[in-house]
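Working notes, structure below.
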Amino acid sequence: MPHASLADAPPATPAARFRQAYRWMLLARTLEDKIAALYHSGKIVGGVYLGRGQEAFSASLALNLRPGHDIFAPLIRDQAGRMAFGEPILDTARTYLGSALGPMRGRDGNIHRGRPDLGMPAMISHLGAMLSVVCGMLKARQFRGIPDAVGASCIGDGGTSTGAFHEALNLAAVERLPLVVAVANNQFAYSTPTDRQYACRDLVDRALGYGVQGHTVDGTDLAACLDTFQTAVHRARTGHGPQLVVGNLLRLCGHGAHDDGAYVPADLKAAPLGQDCLLLARQRLLRDFDASPTELDLLDSQAATSVQQAVATAQRDPAPDPTLESWQPLASRWLVETANSESP
Amino acid sequence: MSITYLEAIREAQRRALQENPEVFIYGQDIAHFGGAFKATKHLARDFPGRVLDSPISEDAMMGLAIGAAIDGMRPIVEMQFADFSSIAFNQIINQAATHFWRTGVPCPLVVRLPSGGTAGSGPFHSQSMEALYAHYPGLVVLTPATVGDAYWMLLEAIKLDDPVIFCEHKFLYYHLKADELPPESLPIGKARIVRHGKHASVVTYSAMLHESLRAADDLAKIGYEIEVVDLRSIKPLDTDTILASVARTGRLLVVGEAFPFGGVSAEVVARVTAEGFHLLDAPPQRLNARDTPIPYHPNLWAAHRPTASSIATALRGLLGF
Amino acid sequence: MPHASLADAPPATPAARFRQAYRWMLLARTLEDKIAALYHSGKIVGGVYLGRGQEAFSASLALNLRPGHDIFAPLIRDQAGRMAFGEPILDTARTYLGSALGPMRGRDGNIHRGRPDLGMPAMISHLGAMLSVVCGMLKARQFRGIPDAVGASCIGDGGTSTGAFHEALNLAAVERLPLVVAVANNQFAYSTPTDRQYACRDLVDRALGYGVQGHTVDGTDLAACLDTFQTAVHRARTGHGPQLVVGNLLRLCGHGAHDDGAYVPADLKAAPLGQDCLLLARQRLLRDFDASPTELDLLDSQAATSVQQAVATAQRDPAPDPTLESWQPLASRWLVETANSESP
Amino acid sequence: MSITYLEAIREAQRRALQENPEVFIYGQDIAHFGGAFKATKHLARDFPGRVLDSPISEDAMMGLAIGAAIDGMRPIVEMQFADFSSIAFNQIINQAATHFWRTGVPCPLVVRLPSGGTAGSGPFHSQSMEALYAHYPGLVVLTPATVGDAYWMLLEAIKLDDPVIFCEHKFLYYHLKADELPPESLPIGKARIVRHGKHASVVTYSAMLHESLRAADDLAKIGYEIEVVDLRSIKPLDTDTILASVARTGRLLVVGEAFPFGGVSAEVVARVTAEGFHLLDAPPQRLNARDTPIPYHPNLWAAHRPTASSIATALRGLLGF
């Protein structure tokens, strides 16, 4: 990582861009369906969090970044964005399955993965905490003479209630950092609807209070997402300070794979907000971008094959072995006391 | 009828809501949804307006509880996981804990912390934070290990005029069942001798009680009688009961699931050696989790925290001294 | 407390109101001048924080509250508001001088005092932390059937950068609490100017993002402050949710009595913002409200006498005696271990 | 020439800024103003753009430092008072401390905590927080007690690839002077025998070193030779040096300024009794602050923390055992 030729050169035409985004969305959906199936058959221990319904928003952000140059700090529903930014599909499979060969080596799991040395920090669970970390990475790049690196950080409607969100966005504005904060307003934080989360008309109204630019977009509409993030990332990159992008959409699944999301009202699911961005993008490809059903079916089966291969590889991987594990929390190994590495 | 540890917590809350109009519950996803672990299932329905979903704002949730407490209410705050109480840390240690001593006005509230490890939960959904809260003056810190204690200690905690950190163990939520609730329990501040023995004392609490009891079973097979003390209450700590046990056995192993540096197990050892040095026939030992973040993978996790088997090994070492 | 007949019945006419506010401002200024003098002569240990330049803003807020019914959570520059809400002048003197008879009994000092049972919580130092406490007191009053109690919480420009400020204001909006947040934007947080604190045009622009009503006022203008807070408190009391009031003014002293504030630029001091609200109010009394210089001189000397008496009393008070002190942090005394009360 | 503890901290930062372009400093009022205690006086002038005033946002300040650290810089964060690090607590223990172990990418940063009590500072400007940070895996926790250590340990801390909690004692800032900086110092992780003796060992750190030395002076007058060990580094803790000292004296008193429950003093006692039980001729003792918030009034404050006189009393008790 950054790997895929796909991710490297942003395609010239809107149509090519749309198609490329669609492929990442499709791959993410296919992978996550598989991960959910593995969870339900007891093959994955711990939590499983899906980005169903948020793929267009997430992929569009990442596709407007430059892997190897920019920073992308995904959260729990950013499988599509992660891959579009260059995270290998194998990282996902290995981390969920606890492979010793994954980036987290079984020490951390599921969505708590990243490759910070490649511009993708590994999230901690505490919501909001990654935003200021991205600020710091941007500050580092400024110090190191890379002032046009953009840093994107993802968060949900619920995460905007954290003090960490506020402190980081305000600090980014004061430091005038090229930060793009993508708020996926999927109408729920776990089971909590937005009226118990905030009382403003629209979360984008927060932008003014920080002195940053705000953008709103229909998160089910891939083309709109691509455009909005193109603008926002460009503004950040060209010295206009932090950008706050709010995408309105619906989480098309439970909070985690353990949750059926029964509390999501039917009328919300039936509303335009409840449409599936992947399905809409597929229809749009057929209607406006010269795609044929055969071609799209081929993409489907290609995605299925990639997923199957990745999962099969990860399942053959060794699990971490506690007796071989270095139980040392410090990089300065000579400082670790032997007492600490004794068995409990 | 049988009742789980989790149900005991729910029933204690139900009873408190019933008996005392000053009680209300505040936390994420606790109303209609009944909480991430269902510890408040149906309570919002049965007590309208008194079980409230909060925004994801642990600092403000805690501040709200403190304000309500000093203004005459008895709030219960549910943290979704103990680990997220790090965001409420300042309000807990600096506002709640200092309030009575500074102003003379009590701050009666309970913070429920779903604590401890379960397989696959990883570094941020597994922590045991009792040592942090016990270090700061002004807090009562409780760690029930049985269904009965979960019920009675929570009820008593709600009645206390002080801020209480109530560490519930997530592993026990569903795994631990009792046939029925006991009619009463020991008061807060008293430890319980759960198993009598004469060769060594294991002092422990929360989920580690059950690992320790299994280790004691193991050692019974080779002829050792291990006394097991459940602290129940971390602060205040029942030094007398611990010392009495050490007086009987002469050997001490303190077992905790938290990180090894400082904390509860060190405190127990330091008290016993200061006040009961002459009672000890062998160096007192501690067994805690390893000094790394709590790993995600079940293999690593099992090697990170104490288990019946590693406790038994430590006991054999202690007995062979 | 609530004591003064002054505080009890809000005077009917704007003129009477203005005059009443002036008296609190004057008393606060006189007291704080004395406190500063005591500090400089070594009679006060620890920090001394003055409200010089902020008296109009602070007193106006408190005068619009109902002591015994509402809540007032002052911060470090609210001597005027504290007294207008009913805090006895002796509480200040005793707490600064460490008297065992003060509300904090020498356990806490200076501005860290309050009478929470009378609706005035005792601030902790951590900025922003009192806002959510006021939310909780309001929530308690709702539960207890006093839904029209208003809660006011003071904060500075610097304090708005804390996560605690954000979480509390958002929570208050979600809970629709009758909270009035008074932001005294005195242009500095200690030595830090506002351009290193926030990047928005005006802090009042934050209101929109929380869905609360915003108000701005010239903090040097007592009449304007009285009006603005009257509106804000009334809105809060009548069910319109939280109100954010930003007062623009200048801190007319250093951060604490130890600080000469040399970093405050001369042009800021010379600007309209830098005017002394007390002086302006005095001029206004003479010009528009029929006050005579003799009358105002009498007020001066009355204030001086009150201050002198309070300080003299506090200085005669016993200091706390560690051997008589109960070293017990819990209200549930039977839970305190004897070990804790042993001498260190 | 003479140099204070505070100046040593300033000079170490100056040298680090000079020698390493990766170093920058972030904190409230530290640029033009030079910091609440003047620990960065003139550094912003001399290193433009590298000493920056932050908003009052400890959580984000810490997050910024972490992000910069994992992206190749070596940030220093100044908390205005240690007590305010409670707001940065989550970032410190969950983000900085876990980063290397989770990802393999180091997180080299230093958090400077102006710590400990001074007369009149009260509950929120006096705290000693080493126990909290030492409890969590992944942090190095340092407590320099001398001018030379303040200088050399800070320089070494900045070079370490790990997050370091650097507890500077505010009481020592101006009170402690040296004629000059020593040419070198012990490395991080090593304790120092500051005074040799044979009747008892006092193990201590930070400002309590100086109180302990005065107590040792007192006891020398009545014929006792007290060995005094300065831990210097809380984590890692130099158990070997402590054990060697106890081996010489047979008696142990651990003195700390922090709250009594758990923490550093309990950890030292627990280690010594586990590994050096046979070396002890008397029950090991601890002396810490009292278990209440830190009082404002100088009379109360003097009775809240250990002093030369209360240490001497504790030593007399220990020697008379």
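For reference, chains read A, B, C and D in written order, and residue numbers begin at 1 within each chain.
Everything that follows uses one rule, which is that contacts are C-beta pairs under 8 Å (C-beta built on N, C-alpha and C of every residue); 3 or more make two chains touch, one makes a residue touch a chain.
Just so it is clear, the structure is predicted and the values come from calculations on it, not from any experiment.
With steps allowed only between chains in touch, the distance from chain B over to chain D comes to 1.
Chain centres here are C-alpha means, and the one lying farthest from chain A is C. One simple way to say how far apart two chains are is to compare their mean CA positions; for chain C and chain D this gives 36 Å.
Separating the CA-averaged centres of chain A and chain C is a span of 45 Å. For the pair chain A and chain D, the distance between mean C-alpha positions equals 40 Å. Chain contacts: chain A has residues 104, 107-108, 112, 124-126, 161-164, 167, 170-171, 174, 196-198, 328-329, 339-340 touching two or more partner chains.
The residues of chain D that reach two or more other chains are 54-55, 57, 59-60, 83, 86-87, 90, 94, 97-98, 101-102, 123-124, 137-138, 290-293, listed in rising order.
Interchain contacts join each chain to each other chain, per the touch definition above. Interface residues of chain D facing chain B in the complex, by the touch rule stated above, are 83, 86-87, 89-90, 93-94, 97-98, 101-102, 123-124, 131-132, 134-138, 235, 258-259, 261-267, 269-270, 273-275, 277-278, 280, 282-286, 290-293. Within the complex, the chain C residues that touch chain B are 103-105, 107-108, 112, 114-117, 121-122, 124-126, 129-141, 143-144, 163-164, 167-168, 170-171, 174, 328-332, 334-337, 339-340.
Here chain C touches chain D in the complex through residues 44-47, 98, 104, 106-110, 112, 124-127, 158-159, 161-164, 189-192, 196-198, 263, 319-323, 325, 327-329, 339-341, 343-344, going by the rule given at the top.
Looking at the complex, you find that chain B touches chain C at residues 21-22, 24, 54-55, 57, 59-73, 75, 90-91, 94-95, 97-108, 137-138, 140, 160-162, 188-189, 236-237, 239, 271. On the side of chain A, the complex with chain C involves touching residues 161-167, 170-171, 173-174, 176, 195-201, 203, 205-212, 241.
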